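By letter and in written order, the chains are A, B, C, D and E; residue numbering begins at 1 in each of them.
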Amino acid sequence: MSEHASKAVEPARPMLTVNNIEVIYDHVILVLKGVSLAVPQGGIVAILGANGAGKTTTLKAISNLLHAERGEVTKGSIEFNGDRVDRLSPNELVRRGCIQVMEGRHCFGHLSIEENLLTGAFTRRDGNRAIRADLEMIYDYFPRLRQRRSSMAGYTSGGEQQMCAIGRAMMSRPKMILLDEPSMGLAPQVVDEIFEIVKDLNSKQGVSFLVAEQNTNMALKYATYGYIMETGRIVMDGDAASLRDNEDVKEFYLGIGGEGRKSFREVKSYKRRKRWLA
Amino acid sequence: EDSIYVPLFTYRTGPFAGSGTPIANGMHDYLTLLNERDGGIGGVKLIVEECETGYDTKKGLECYESVKPKKPVIVNPWSTGITLPLIPKAAVDKIPVLSMAYGLSASAKGDTFPWIFNPPATYWDGFTQILQYIATQEGGGVEKLKGKKIGYIYLDASFGREPLPLIEQLSKELGFEAKLYPVAAADMQNQSSQWLSVRRDKPDYMILYGWGALNATAVKEAVKTNYPMEKFISIWWPSEDDAKGAGDGAKGFKTLNWHAVGADFPLLADIQKHVVDAGKSQVSGKDKVGQVLYNRGIYNSMLIAEAIRKAQEITGNKVVTGEDVRRGLEGLNIDEARLKEIGLEGFTSAVKLSCADHNGHFSTFVQSWNGTTYEKVSDYIAPLSDKVGPLLDADAKAYAEKNAPWPARSEACDAS
Amino acid sequence: MNAASETLLSVDGVSLSFGGVKAITDVSFDIRKGEIRAIIGPNGAGKTSMLNVVNGFYHPQHGRITYKGKTRPRMRPYQAASQGIARTFQNVALFRGMTTLDNIMVGRTLKMHRGLFWQMLRYGPAMREEIEHRRVVEDIIDFLQIESIRKTPVGKLPYGLQKRVELGRALAMEPELLLLDEPMAGMNIEEKEDMCRYILDLNKHFGTTIALIEHDMGVVMDLSDRVVVLEYGHKIADGTPEVVKADPKVIEAYLGVGH
Amino acid sequence: MFYRETGQFKQSYAADQAVFPILQDRIGLAIILLVAFVVVPLFGNEFLLASVMVPFLILSLGAIGINILVGYTGLLSLGSAAFMGVGAYSAYKLSTIFPGVNILVWILCSGFFAAGVGVLFGLPSLRIKGFYLAVATLAAQFFLQWCFVRISWLYNDNPSGAIEVPARTLFGIAITGPSATPVTRYLVVLAIVVVMTLLASNIVHGRIGRTWMAVRDMDIAAQLMGIRLLPAKLLAFAVSSFYCGVSGALMVFLWLGAAEPSAFDIKLSFLLLFMVIIGGLGSMIGSFFGAALIHILPIVIRMLPEALGLPIAAATVEHLTYLIVGGLIIFFLIVEPHGLARLWQIAKQKLRVWPFPY
Amino acid sequence: MLYNIFIDPFVQMAQMPDLLVQTLWEGLVSGVLYALIALGFVLIFKASGVFNFAQGIMVVFSALTLVGFYEKFSAYGFSGHTAAFVALILTAGVMFVLAMLIERVVLRPLVNQPDIILFMATFGITYMLIGFGEMVFGGDPKQMIASELFLPSGSVDVEMLGGMVSFQKIDIAAAVIASVMIAGLALFFQKTRIGRALRAVADSHKAALSVGISLNQIWVIVWFAAGLVALVTGIMWGARSDVSFALEIVALKALPVLVLGGLTSVPGAIVGGLIIGIGEKLGEFYWGPLLGGGIESWFAYAIALLFLLYRPQGLFGDKIIERI
């Protein structure tokens, strides 16, 4: 593993560190088997991995939402800004500046889009004016939301809900956003836009990101650092550029094996996925 | 060691606890007194045990099953719902059932129901007693009821519905007009529409057959509608609390009763001394001793105790069984002299049951609420037995037919 | 693909609105038997609504839908199902409390006929029927390579696998027309490749007609025979992938310059 | 250690589709049946049989009925006690109109009347959902209860207003009425409950059961799979009410012996619903667990002070019972919201991986 | 027969308009009282998606606590009004502690569970409150301390329409208090930050957690508010009949009201209450005798059912979102 190599390129002190955590669902299902990762201050870190690798679980463990699904962190620790946070309530974590955008939207269906966005500002104490300004900012990022601002979120399209969820998280003015599959269900243009927004927030406001993403291409284009997960373990990590050049990653995550990008029609047989470990 | 097991089914919990608690206390304290003061009955200690039914039939039956192995000499279900399933069981299990002025009215017929006792009067008796009282208010006999409008507000369940056939028959015979105001159990505390109808119909008299919160609410609503209280007469279940809630307006509210109110009897003084002051009672205050339902419990236990005594007398055994107590009940004869011995002179009228008559159809009187307590305001009124009798006979017969094969009475009658 | 093959479904001038929101405005297109037809467009363009109209979940205010030569004024969802229209959903709509196997078995409901009486006895005809269909379902499970999660409650599966189970459930209906709403969202390249194979195999070997909504342009362009492009409920282009890809309106509205 | 399925390969889909595919489960079931049919009647005293087991089984049957509706089909109903009442009253009427026919026939037939009424009140379920539907079924509860009071034909104009169970026999042995011994009553109830549980379990494991669960989990998707909601829901109402009806008839005929309309009041509806929830929605065995927790546990608590020789007043015991049962309900929900049945599963799961924690 | 159903009642109404007015007033008052109970349900449902079975017992419990405290104080010789108001404040305190306990012990561990599980948990709470309440207060009915709390008694009798219509002062007070409370709560939900958060929580616990809404805090607030509503309800109902555990049954009356108005709507509670209250009284008074009376027990449900068939989410309830 390239543990020491990663140390060398770490740009700043870590904002978030996850030390060797183990997660169990329902008291019996062991899902994460010792996951460690770090997100530096002002970094964009991607977690990549197949379905069921445990990306979502990792993010939920960090944001303390596991509890609500009868999951539990049984070993290891999580630190945010130098403090242990694995015993905090989710809202306390949001107050400290770490918010998650959950996979699969989870908008408040009975609230209008605008009300949804405003709930994002629940923990903020900096007054109405600032909140309004941010609302405008979100609408500028996602003009589609402005059009639908008074619709009930439950009736909007999948992509609109995804935008709403991301916008809602941004409304809390976080220091760090945990993004779970932000590009899912979004039109290609909007995917580009989202990542541009990520970059924008990162460079202008110094927001750090931890992104779990299937669109590896995109993720590695914008991320500074990446982790690859398989069945509950981190199997590889490295800075984005080195991952992009790794042959295995190319083959399995970027879909550009030796001879460059293939057509989806030409994939001949069902390949068996290569496992690094286990 | 020798003892007689007397279980008491009580309900100190649940929505009817307000009525159940004083009854339970009365029953319990009387029997405890016998143990404390006299060492039981005829020298045999009573084992008095409460089983909490919560006025729930299923729990009541559970109580029954749980006391059955301990050979109880009598059971007091204190709920019509619990009584009914026990009626056929009693003969098989050989445990007499005392359902005092509730339960199945027809069980007064000792020939058909040798094991069931429901003294001192049935709901039908009660209804005719109220009618007669009304008639005397109108200055005469029942013929005075002609042309009168009589309202009947009742719990819309078997208890309240039982008098309906009688009402129908009597209204024809006596020429009064009956107005019915049923109150569903779920609406006990919400009777405004019934009382609106009362306002519309303007009945000359109102008769109440209610239970628990229904009574208290009815009195309040009657006060609210300005119904003249002296014309509002209830069967024997309302307590002091039921009238008190309505404030001064409730003065004049009337109920039937067959025993005195108040603690002014030697026996109750003894209870005060041996039981309450000794901390062996569960009453929450001294003033509770002597209240209507407390004394109802006293009366109930007096019947139990006297039946046991009678059973001892008949059989010559000290430790009696359920079968003996059944005979004791049939031979029950509490005359004035005996009442005086017990320490309850003037508490109630004499009680005498027989093989054929398990009820006695005794007279009751009317008492009136004066703002703090109930006062007796009428003489003892006998029921219209000629009207009620045939109904009872028919019902007992019908019961036996419907429950065929209903066993014929095999228990011999003691000569009395 | 034979361009002249017969039309399976045609949509004529369909308009759908919810209160003030116009989801679809006067859209017409057709799907030919045996083709893979893609529907693309920006978010909120009305793609999902279009599928909902096709299988009778929404009833359009205007326009006609002709399926297998028959026009129905108000198709009910179960009618659509019984005529061979199956679909998957954008927000996975599996029966979360049931296992993978049971979910796929539900897809066979229409093909099973034993009534309450036999079901109650279970042994005998009902069991035979059950086993017969179980065999079909096992084939599907094999095909989709989800053997290992056969008895797992689907609520606990990761998103990607849920999508696969959903496909399996739709396949169990042996559909003639399969509507897929973003079947590959939330999958990585490798899984997408698998999914593409499944779709192509279905299309080729079973001749299933497929209507596909997808935001991954690589997939859409590689798989589909023809593409419809919607924007704000209007159809803005229709044709082969090459034509559509080159259409400036489509580039502006949807693809962006990068693609 | 003992609960391992390793090595138990299924040779056929038939074996795999079995309701109890694992050998140990089948052995366990056999033992339970043996205990229920042989050991309990031999060694149980009257109280155990008459006041614990008979009610427990009857309530379990009712709970299965409700589980079919609430747990499997996801339709919240609070009218189940009334459907039980329909069963009881129709069994009563039938048995008095045709006294010659065996009472068990009528008890089972009463289910059909309940089913019919259930279907009628199930009609709104197509439009109304969730807690709203619960209130619609409350209409059934109160309306039917009102009928039980008002329509005196239903109780043969008995002045007591109650239905009273006539004594009836089967093969010359009294099974209803006062002389039916608790053992006979227990065995009759047990036999009926076992058979009906088996049938219900077959239904829910087959096509119809899957249809119901599909409707429960996502009715829109179910529709698009070709399931017609109304027939599916009405069938669930019918089967569920059938079970409730039989359970109601059994309740009056083999348990209570006589019943007033208030025996079928809203409290019973709630109680049954809670048995199902605490036992485990969508689980047959859960219905039994739930009935045990809600019916047997209070009895045990009530008897404890006496058994331990603690002098606690009956009323206080009752208060404590309420407190403890309430507390336990909350406790179990927190430990496992999916009910005791799931807890049982997890226990088995742990047994499977034992001695490792997971 | 048809005459009795369709004509006679209206003839009666026309002939005795004073009784009609009185009936309407009684309906209005019961409606308001139902609405009060319903309001407690709505509060909790709207704010957490929990259908609180314990609301009925909370009404009883709060009323008993109030009377219990009052009895304790007056035993120490405080004057009526002082004792009553001190008791009132202490009772509010008790309700607050209760809310905290419920949040800590019941709701927090059950976050994000299905509605029906939380519903069940409130049943556990009901059991515990019954057991605890009966243990502490006993089962006897108690008198509500209405006059000590400056609630008016007696009635205003107005001569109108050829008869006497009497309005109970306590009913007028109930109507006023209920209206004020309902208006306040409606504004609170629609217009404030917390109100918005409450609705968000009801929608999805998980999503609410993820945006940093403190469920714990919100639940305490809401259950406390529901406790206060229960207290007011208890006082009002208690003044009508006694305070006893029998009052619990009344809570069932709130269910049709709730459903008719929509489980999530504060104004719905009052509108539903009025429709049910008035419908029920008119039904019982004018049409009830045709069926032998006593139809009130199910009539309310029948009305609610009819409305539901027309609008499955109740008159003002949030739309049930069906979307694929």
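Definition applied: a residue touches a chain if its C-beta (ideal position, glycine included) is under 8 Å from a C-beta of that chain, and two chains touch if they have at least 3 such contacts.
Because the structure is a prediction, the values reported are computed rather than measured.
Following the contact convention of this document, E is the list of chains adjacent to both subunit B and subunit D.
Counted as hops between touching chains, the shortest connection from subunit A to subunit C is 1. With centres computed as the average of Cα coordinates, no chain lies farther from subunit E than C. In terms of the distance between Cα centroids, subunit A is separated most widely from B. Computed from the mean C-alpha positions, the centre of subunit A lies at a distance of 47 Å from the centre of subunit D. In terms of their C-alpha centroids, the spacing between subunit B and subunit C amounts to 73 Å. Subunit A and subunit E have CA centres that are 45 Å apart. One simple way to say how far apart two chains are is to compare their mean CA positions; for subunit C and subunit D this gives 41 Å.
The residues of subunit C that reach two or more other chains are 48, 57, 89-91, 93, listed in rising order. In subunit B, 12-13, 156, 184-186 are the positions where the chain touches two or more neighbouring chains simultaneously. The set of subunit A residues that touch two or more partner chains comprises 29, 155. Here subunit B touches subunit E in the complex through residues 12-18, 20-21, 156, 180-190, 192-194, 196-197, 199-200, 212-213, 216-217, 220, 224-226, 241, 244-245, 247, 284, going by the rule given at the top.
Contacts from subunit C toward subunit A in the complex involve residues 18, 21, 41-45, 48, 90-92, 145, 156-161, 182, 185-194, 196-197, 200, 215-219, 222-223, 254-256, 258-259. Residues 346, 349-350, 353, 358 of subunit D are the ones that touch subunit A when the two sit in their complex. Taken together, the subunit B residues at the contact with subunit D in this complex read 10, 12-13, 49-52, 54, 57-58, 61-62, 65-66, 68-69, 80-81, 84-85, 87-89, 91-93, 104-106, 156-159, 161-162, 165, 184-186, 282, 395, 398-399, 402-405.
Residues of subunit D touching subunit C in their complex: 12-14, 16-17, 19, 199, 202-203, 205-211, 213-214, 216-218, 220-228, 235, 239, 282.
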